[in-house]
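Going by the order they are written in, the chains are A, B and C; count residues from 1 in each one.
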Amino acid sequence: MPHYTAIVTLLAVLLHFLLATRVPVARAKFGVQLPATTGHPDFERVFRVHMNTLEWMPIFLPLLWLCAIYFNDGAAALLGLVWIGGRVLYFTGYSQAVEKRTPGFFIQAMACVLLLIGAIVGIVRNF
Amino acid sequence: MPHYTAIVTLLAVLLHFLLATRVPVARAKFGVQLPATTGHPDFERVFRVHMNTLEWMPIFLPLLWLCAIYFNDGAAALLGLVWIGGRVLYFTGYSQAVEKRTPGFFIQAMACVLLLIGAIVGIVRNF
Amino acid sequence: MPHYTAIVTLLAVLLHFLLATRVPVARAKFGVQLPATTGHPDFERVFRVHMNTLEWMPIFLPLLWLCAIYFNDGAAALLGLVWIGGRVLYFTGYSQAVEKRTPGFFIQAMACVLLLIGAIVGIVRNF
(Lines give C-alpha, C1' and ligand atoms only; values in the text may rest on other atoms or scores of the structure.)
Protein backbone atom coordinates (compact mmCIF):
# COMPACT_ATOMS: atom_id res chain seq x y z
CA MET A 1 0.00 0.00 0.00
CA PRO A 2 1.35 3.47 -0.87
CA HIS A 3 1.34 4.87 2.70
CA TYR A 4 3.33 8.05 1.99
CA THR A 5 1.08 8.97 -0.95
CA ALA A 6 -1.98 8.37 1.24
CA ILE A 7 -0.62 10.86 3.80
CA VAL A 8 0.19 13.45 1.10
CA THR A 9 -3.33 12.98 -0.31
CA LEU A 10 -4.78 13.85 3.10
CA LEU A 11 -2.56 16.96 3.22
CA ALA A 12 -3.66 18.02 -0.29
CA VAL A 13 -7.32 17.52 0.62
CA LEU A 14 -6.82 19.59 3.79
CA LEU A 15 -5.13 22.36 1.76
CA HIS A 16 -8.03 22.36 -0.70
CA PHE A 17 -10.42 22.66 2.25
CA LEU A 18 -8.38 25.49 3.84
CA LEU A 19 -8.38 27.41 0.54
CA ALA A 20 -12.17 26.96 0.39
CA THR A 21 -12.52 28.53 3.85
CA ARG A 22 -10.62 31.63 2.58
CA VAL A 23 -13.57 32.39 0.24
CA PRO A 24 -16.23 33.18 2.93
CA VAL A 25 -13.55 35.13 4.86
CA ALA A 26 -12.90 37.23 1.72
CA ARG A 27 -16.69 37.57 1.23
CA ALA A 28 -17.05 39.16 4.67
CA LYS A 29 -13.94 41.34 4.27
CA PHE A 30 -14.80 42.75 0.83
CA GLY A 31 -18.60 42.76 1.17
CA VAL A 32 -19.52 40.20 -1.53
CA GLN A 33 -22.79 38.52 -0.49
CA LEU A 34 -23.76 34.90 -1.30
CA PRO A 35 -24.59 33.64 -3.92
CA ALA A 36 -22.61 36.23 -5.96
CA THR A 37 -19.05 35.33 -7.01
CA THR A 38 -18.07 38.74 -8.37
CA GLY A 39 -18.16 42.35 -7.13
CA HIS A 40 -14.67 43.14 -5.76
CA PRO A 41 -11.27 42.31 -7.41
CA ASP A 42 -9.68 41.36 -4.06
CA PHE A 43 -12.47 38.88 -3.41
CA GLU A 44 -12.36 37.57 -6.97
CA ARG A 45 -8.65 36.71 -6.74
CA VAL A 46 -9.15 34.68 -3.53
CA PHE A 47 -12.16 33.00 -5.22
CA ARG A 48 -10.00 32.22 -8.28
CA VAL A 49 -7.27 30.61 -6.10
CA HIS A 50 -9.85 28.19 -4.76
CA MET A 51 -11.40 27.56 -8.19
CA ASN A 52 -8.03 27.02 -9.87
CA THR A 53 -7.00 24.56 -7.15
CA LEU A 54 -10.32 22.77 -7.69
CA GLU A 55 -9.59 22.68 -11.44
CA TRP A 56 -6.21 21.05 -10.77
CA MET A 57 -7.42 18.45 -8.23
CA PRO A 58 -8.57 16.01 -10.99
CA ILE A 59 -5.18 16.55 -12.70
CA PHE A 60 -3.04 16.23 -9.57
CA LEU A 61 -4.76 13.35 -7.72
CA PRO A 62 -4.88 10.88 -10.67
CA LEU A 63 -1.25 11.65 -11.63
CA LEU A 64 -0.16 11.34 -7.98
CA TRP A 65 -1.76 7.91 -7.57
CA LEU A 66 -0.77 6.53 -10.98
CA CYS A 67 2.82 7.58 -10.20
CA ALA A 68 2.56 6.00 -6.72
CA ILE A 69 1.03 2.71 -7.89
CA TYR A 70 2.97 2.16 -11.13
CA PHE A 71 6.27 3.90 -10.31
CA ASN A 72 7.16 4.60 -6.67
CA ASP A 73 5.32 5.59 -3.49
CA GLY A 74 8.08 7.74 -1.99
CA ALA A 75 8.80 9.62 -5.24
CA ALA A 76 5.10 10.34 -5.79
CA ALA A 77 4.65 11.53 -2.19
CA LEU A 78 7.69 13.84 -2.47
CA LEU A 79 6.39 15.41 -5.70
CA GLY A 80 2.99 15.71 -4.00
CA LEU A 81 4.62 17.76 -1.22
CA VAL A 82 6.24 20.01 -3.87
CA TRP A 83 2.77 20.46 -5.45
CA ILE A 84 1.30 21.45 -2.06
CA GLY A 85 4.15 23.93 -1.53
CA GLY A 86 3.58 25.44 -4.98
CA ARG A 87 -0.14 25.77 -4.25
CA VAL A 88 0.52 27.56 -0.93
CA LEU A 89 2.85 30.00 -2.76
CA TYR A 90 0.21 30.43 -5.49
CA PHE A 91 -2.36 31.33 -2.82
CA THR A 92 -0.15 33.82 -0.97
CA GLY A 93 0.96 35.42 -4.27
CA TYR A 94 -2.41 35.58 -6.05
CA SER A 95 -4.08 36.98 -2.90
CA GLN A 96 -1.80 40.02 -3.29
CA ALA A 97 -1.83 40.60 -7.07
CA VAL A 98 -2.71 38.80 -10.34
CA GLU A 99 0.92 38.76 -11.59
CA LYS A 100 2.27 37.30 -8.30
CA ARG A 101 0.46 34.03 -8.96
CA THR A 102 3.10 32.87 -11.49
CA PRO A 103 5.94 31.32 -9.36
CA GLY A 104 3.62 29.09 -7.30
CA PHE A 105 1.66 28.11 -10.38
CA PHE A 106 4.85 27.12 -12.21
CA ILE A 107 6.09 24.97 -9.27
CA GLN A 108 2.81 23.04 -8.93
CA ALA A 109 2.62 22.57 -12.73
CA MET A 110 6.19 21.21 -12.82
CA ALA A 111 5.35 18.78 -9.99
CA CYS A 112 2.44 17.51 -12.13
CA VAL A 113 4.69 17.14 -15.21
CA LEU A 114 7.14 15.04 -13.17
CA LEU A 115 4.27 12.95 -11.73
CA LEU A 116 3.06 12.41 -15.31
CA ILE A 117 6.54 11.28 -16.42
CA GLY A 118 6.76 8.94 -13.41
CA ALA A 119 3.33 7.49 -14.22
CA ILE A 120 4.23 6.95 -17.91
CA VAL A 121 7.57 5.30 -17.04
CA GLY A 122 5.82 3.10 -14.46
CA ILE A 123 3.01 2.02 -16.78
CA VAL A 124 5.41 1.26 -19.67
CA ARG A 125 7.67 -0.76 -17.32
CA ASN A 126 4.69 -2.80 -16.03
CA PHE A 127 3.43 -3.83 -19.45
CA MET B 1 -12.35 -5.21 -2.47
CA PRO B 2 -14.38 -2.50 -0.67
CA HIS B 3 -17.77 -3.41 -2.20
CA TYR B 4 -19.92 -1.21 0.01
CA THR B 5 -17.76 1.84 -0.62
CA ALA B 6 -17.93 1.15 -4.36
CA ILE B 7 -21.76 1.19 -4.19
CA VAL B 8 -21.79 4.41 -2.12
CA THR B 9 -19.38 5.97 -4.65
CA LEU B 10 -21.87 5.19 -7.44
CA LEU B 11 -24.64 6.81 -5.37
CA ALA B 12 -22.53 9.92 -4.71
CA VAL B 13 -21.70 10.20 -8.43
CA LEU B 14 -25.40 9.86 -9.31
CA LEU B 15 -26.31 12.56 -6.76
CA HIS B 16 -23.66 14.88 -8.24
CA PHE B 17 -25.16 14.22 -11.68
CA LEU B 18 -28.73 14.86 -10.44
CA LEU B 19 -27.67 18.15 -8.86
CA ALA B 20 -26.08 19.11 -12.21
CA THR B 21 -29.40 18.48 -14.00
CA ARG B 22 -31.10 20.96 -11.59
CA VAL B 23 -29.03 23.79 -13.12
CA PRO B 24 -30.56 23.73 -16.67
CA VAL B 25 -34.01 23.29 -15.06
CA ALA B 26 -33.38 26.44 -12.99
CA ARG B 27 -32.06 28.19 -16.12
CA ALA B 28 -35.37 27.60 -17.91
CA LYS B 29 -37.47 28.50 -14.84
CA PHE B 30 -35.70 31.77 -14.00
CA GLY B 31 -34.73 32.79 -17.55
CA VAL B 32 -30.93 32.64 -17.30
CA GLN B 33 -29.52 31.82 -20.76
CA LEU B 34 -26.34 29.83 -21.40
CA PRO B 35 -23.43 30.58 -21.04
CA ALA B 36 -24.32 33.08 -18.25
CA THR B 37 -24.12 31.85 -14.63
CA THR B 38 -25.68 34.89 -12.99
CA GLY B 39 -28.84 36.99 -13.45
CA HIS B 40 -31.41 35.71 -10.92
CA PRO B 41 -30.79 34.89 -7.19
CA ASP B 42 -33.04 31.79 -7.32
CA PHE B 43 -30.99 30.42 -10.22
CA GLU B 44 -27.70 31.39 -8.58
CA ARG B 45 -28.49 29.42 -5.40
CA VAL B 46 -29.25 26.23 -7.39
CA PHE B 47 -26.04 26.86 -9.40
CA ARG B 48 -24.09 27.28 -6.13
CA VAL B 49 -25.44 23.95 -4.74
CA HIS B 50 -24.01 22.18 -7.77
CA MET B 51 -20.72 24.11 -7.64
CA ASN B 52 -20.29 23.56 -3.90
CA THR B 53 -20.91 19.82 -4.31
CA LEU B 54 -18.33 19.82 -7.13
CA GLU B 55 -15.90 21.63 -4.79
CA TRP B 56 -16.39 18.92 -2.17
CA MET B 57 -16.09 15.89 -4.48
CA PRO B 58 -12.23 15.94 -4.40
CA ILE B 59 -12.47 16.23 -0.60
CA PHE B 60 -15.12 13.54 -0.08
CA LEU B 61 -14.01 10.85 -2.58
CA PRO B 62 -10.32 10.65 -1.50
CA LEU B 63 -11.30 10.61 2.20
CA LEU B 64 -13.99 7.97 1.54
CA TRP B 65 -11.56 5.65 -0.24
CA LEU B 66 -8.61 6.18 2.11
CA CYS B 67 -10.97 5.40 5.01
CA ALA B 68 -12.30 2.32 3.15
CA ILE B 69 -8.87 0.95 2.16
CA TYR B 70 -6.87 1.70 5.33
CA PHE B 71 -9.60 1.54 7.99
CA ASN B 72 -12.88 -0.26 7.18
CA ASP B 73 -15.15 -0.69 4.15
CA GLY B 74 -18.46 -0.75 6.05
CA ALA B 75 -17.65 2.26 8.24
CA ALA B 76 -16.54 4.31 5.20
CA ALA B 77 -19.68 3.35 3.25
CA LEU B 78 -21.93 4.30 6.19
CA LEU B 79 -20.28 7.72 6.54
CA GLY B 80 -20.57 8.10 2.78
CA LEU B 81 -24.34 7.60 3.09
CA VAL B 82 -24.45 10.26 5.81
CA TRP B 83 -22.54 12.60 3.44
CA ILE B 84 -25.07 11.94 0.67
CA GLY B 85 -27.96 12.62 3.09
CA GLY B 86 -26.35 15.89 4.19
CA ARG B 87 -25.88 16.91 0.55
CA VAL B 88 -29.56 16.22 -0.25
CA LEU B 89 -30.59 18.37 2.76
CA TYR B 90 -28.13 21.07 1.64
CA PHE B 91 -29.75 21.08 -1.81
CA THR B 92 -33.35 21.25 -0.55
CA GLY B 93 -32.43 23.94 2.01
CA TYR B 94 -30.23 26.16 -0.20
CA SER B 95 -32.80 26.00 -3.04
CA GLN B 96 -35.20 27.80 -0.69
CA ALA B 97 -32.92 30.37 1.00
CA VAL B 98 -29.21 31.10 1.61
CA GLU B 99 -29.46 30.62 5.40
CA LYS B 100 -31.25 27.22 5.07
CA ARG B 101 -28.10 25.66 3.58
CA THR B 102 -26.42 25.37 7.03
CA PRO B 103 -27.80 22.08 8.55
CA GLY B 104 -27.09 19.96 5.45
CA PHE B 105 -23.67 21.57 5.03
CA PHE B 106 -22.79 20.81 8.64
CA ILE B 107 -23.84 17.13 8.34
CA GLN B 108 -21.80 16.50 5.18
CA ALA B 109 -18.79 18.34 6.66
CA MET B 110 -18.98 16.20 9.84
CA ALA B 111 -19.12 13.03 7.70
CA CYS B 112 -15.89 14.20 6.00
CA VAL B 113 -14.21 14.91 9.36
CA LEU B 114 -15.06 11.38 10.54
CA LEU B 115 -13.80 9.89 7.25
CA LEU B 116 -10.57 11.87 7.75
CA ILE B 117 -10.18 10.52 11.29
CA GLY B 118 -10.86 6.97 10.04
CA ALA B 119 -8.26 7.42 7.27
CA ILE B 120 -5.63 8.78 9.69
CA VAL B 121 -6.24 5.96 12.23
CA GLY B 122 -6.07 3.39 9.41
CA ILE B 123 -2.85 4.77 7.89
CA VAL B 124 -1.12 5.02 11.30
CA ARG B 125 -2.18 1.45 12.18
CA ASN B 126 -0.84 0.12 8.84
CA PHE B 127 2.63 1.65 9.21
CA MET C 1 -3.36 -3.82 -12.59
CA PRO C 2 -5.70 -2.10 -15.09
CA HIS C 3 -2.96 -0.86 -17.46
CA TYR C 4 -5.25 0.27 -20.29
CA THR C 5 -7.45 2.28 -17.92
CA ALA C 6 -4.34 3.88 -16.44
CA ILE C 7 -3.27 5.04 -19.92
CA VAL C 8 -6.78 6.37 -20.73
CA THR C 9 -6.77 8.20 -17.37
CA LEU C 10 -3.55 9.97 -18.37
CA LEU C 11 -5.15 10.93 -21.72
CA ALA C 12 -8.28 12.26 -19.96
CA VAL C 13 -6.13 14.29 -17.54
CA LEU C 14 -4.13 15.70 -20.48
CA LEU C 15 -7.37 16.63 -22.30
CA HIS C 16 -8.65 18.39 -19.16
CA PHE C 17 -5.35 20.29 -18.99
CA LEU C 18 -5.49 21.21 -22.71
CA LEU C 19 -9.05 22.53 -22.31
CA ALA C 20 -7.84 24.61 -19.35
CA THR C 21 -5.13 26.19 -21.54
CA ARG C 22 -7.86 27.27 -24.03
CA VAL C 23 -9.27 29.63 -21.36
CA PRO C 24 -6.29 32.07 -21.14
CA VAL C 25 -6.04 31.94 -24.97
CA ALA C 26 -9.72 32.98 -25.19
CA ARG C 27 -9.07 35.65 -22.51
CA ALA C 28 -6.40 37.25 -24.70
CA LYS C 29 -8.44 36.90 -27.90
CA PHE C 30 -11.69 38.37 -26.55
CA GLY C 31 -10.18 40.83 -24.05
CA VAL C 32 -11.47 39.35 -20.77
CA GLN C 33 -8.96 40.22 -18.01
CA LEU C 34 -8.23 38.02 -14.96
CA PRO C 35 -9.88 37.48 -12.49
CA ALA C 36 -13.16 38.10 -14.43
CA THR C 37 -14.93 35.08 -15.94
CA THR C 38 -17.54 36.99 -17.92
CA GLY C 39 -17.58 39.84 -20.42
CA HIS C 40 -17.72 38.29 -23.93
CA PRO C 41 -19.98 35.39 -25.07
CA ASP C 42 -17.19 33.79 -27.17
CA PHE C 43 -14.95 33.71 -24.11
CA GLU C 44 -17.75 32.49 -21.85
CA ARG C 45 -18.44 29.45 -24.06
CA VAL C 46 -14.77 28.37 -23.99
CA PHE C 47 -14.78 28.95 -20.22
CA ARG C 48 -17.95 26.82 -19.92
CA VAL C 49 -16.36 23.93 -21.90
CA HIS C 50 -13.56 23.82 -19.35
CA MET C 51 -15.95 24.16 -16.38
CA ASN C 52 -18.32 21.50 -17.68
CA THR C 53 -15.42 19.09 -18.23
CA LEU C 54 -14.29 19.84 -14.67
CA GLU C 55 -17.84 19.12 -13.45
CA TRP C 56 -17.78 15.73 -15.21
CA MET C 57 -14.31 14.64 -14.04
CA PRO C 58 -15.62 13.38 -10.63
CA ILE C 59 -18.37 11.55 -12.53
CA PHE C 60 -16.16 10.06 -15.26
CA LEU C 61 -13.06 9.06 -13.27
CA PRO C 62 -14.85 7.10 -10.47
CA LEU C 63 -17.10 5.32 -13.01
CA LEU C 64 -14.08 4.54 -15.24
CA TRP C 65 -12.12 2.98 -12.40
CA LEU C 66 -15.03 1.13 -10.77
CA CYS C 67 -15.81 -0.34 -14.22
CA ALA C 68 -12.11 -1.22 -14.72
CA ILE C 69 -11.63 -2.80 -11.29
CA TYR C 70 -14.95 -4.65 -10.89
CA PHE C 71 -15.83 -5.37 -14.52
CA ASN C 72 -13.09 -5.25 -17.18
CA ASP C 73 -9.98 -3.15 -17.86
CA GLY C 74 -10.21 -3.21 -21.67
CA ALA C 75 -13.93 -2.38 -21.78
CA ALA C 76 -13.48 0.52 -19.34
CA ALA C 77 -10.51 1.87 -21.31
CA LEU C 78 -12.44 1.68 -24.60
CA LEU C 79 -15.43 3.57 -23.11
CA GLY C 80 -12.94 6.04 -21.67
CA LEU C 81 -11.64 6.71 -25.19
CA VAL C 82 -15.24 7.27 -26.37
CA TRP C 83 -15.69 9.76 -23.51
CA ILE C 84 -12.52 11.62 -24.55
CA GLY C 85 -13.75 11.71 -28.19
CA GLY C 86 -17.12 13.08 -27.07
CA ARG C 87 -15.40 15.74 -24.97
CA VAL C 88 -13.23 16.85 -27.94
CA LEU C 89 -16.37 17.14 -30.10
CA TYR C 90 -18.12 19.03 -27.28
CA PHE C 91 -15.21 21.49 -27.19
CA THR C 92 -15.06 22.06 -30.97
CA GLY C 93 -18.88 22.40 -31.15
CA TYR C 94 -19.44 24.62 -28.08
CA SER C 95 -16.56 26.92 -29.11
CA GLN C 96 -18.60 27.76 -32.23
CA ALA C 97 -22.14 28.02 -30.82
CA VAL C 98 -24.20 27.07 -27.76
CA GLU C 99 -26.46 24.66 -29.70
CA LYS C 100 -23.48 22.82 -31.31
CA ARG C 101 -22.43 21.45 -27.91
CA THR C 102 -25.18 18.76 -27.96
CA PRO C 103 -23.69 15.84 -30.02
CA GLY C 104 -20.39 15.73 -28.11
CA PHE C 105 -22.20 16.09 -24.80
CA PHE C 106 -24.52 13.20 -25.67
CA ILE C 107 -21.60 10.90 -26.64
CA GLN C 108 -19.65 11.54 -23.43
CA ALA C 109 -22.82 11.14 -21.32
CA MET C 110 -23.60 7.79 -23.02
CA ALA C 111 -20.02 6.61 -22.34
CA CYS C 112 -20.60 7.41 -18.64
CA VAL C 113 -23.94 5.54 -18.62
CA LEU C 114 -22.22 2.44 -20.07
CA LEU C 115 -19.36 2.75 -17.55
CA LEU C 116 -22.00 2.97 -14.79
CA ILE C 117 -23.73 -0.19 -16.09
CA GLY C 118 -20.36 -1.98 -16.30
CA ALA C 119 -19.54 -0.93 -12.73
CA ILE C 120 -22.94 -2.09 -11.39
CA VAL C 121 -22.69 -5.46 -13.19
CA GLY C 122 -19.14 -5.89 -11.92
CA ILE C 123 -19.97 -5.03 -8.29
CA VAL C 124 -23.07 -7.28 -8.27
CA ARG C 125 -21.05 -10.18 -9.78
CA ASN C 126 -18.31 -9.77 -7.14
CA PHE C 127 -20.64 -9.91 -4.13
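FYI, contacts are C-beta pairs under 8 Å (C-beta built on N, C-alpha and C of every residue); 3 or more make two chains touch, one makes a residue touch a chain.
Everything numeric in this text was worked out from a predicted model, so none of it was measured.
Here chain B and chain C face each other with different sets of residues for the most part; under half of the interface numbers are shared between them.
For the copy pair chain A and chain B, the superposing rotation over Cα atoms measures out at 120 degrees to the nearest 5. Our note on geometry: chain B versus chain C, Cα centroid distance of 20 Å, whole angstroms. Shared contact sites, meaning residues of chain C that touch two or more other chains, fall at 38, 54, 58.
Residues 38, 41, 44-45, 47-48, 54-55, 58-59, 62-63, 66, 69-70, 98, 116, 119-120, 123, 126-127 of chain B are the ones that touch chain A when the two sit in their complex. Against chain C, the residues of chain B that register as touching in their complex are 1, 3, 6-7, 9-10, 13-14, 16-17, 20, 34-38, 50, 54, 57-58, 61.
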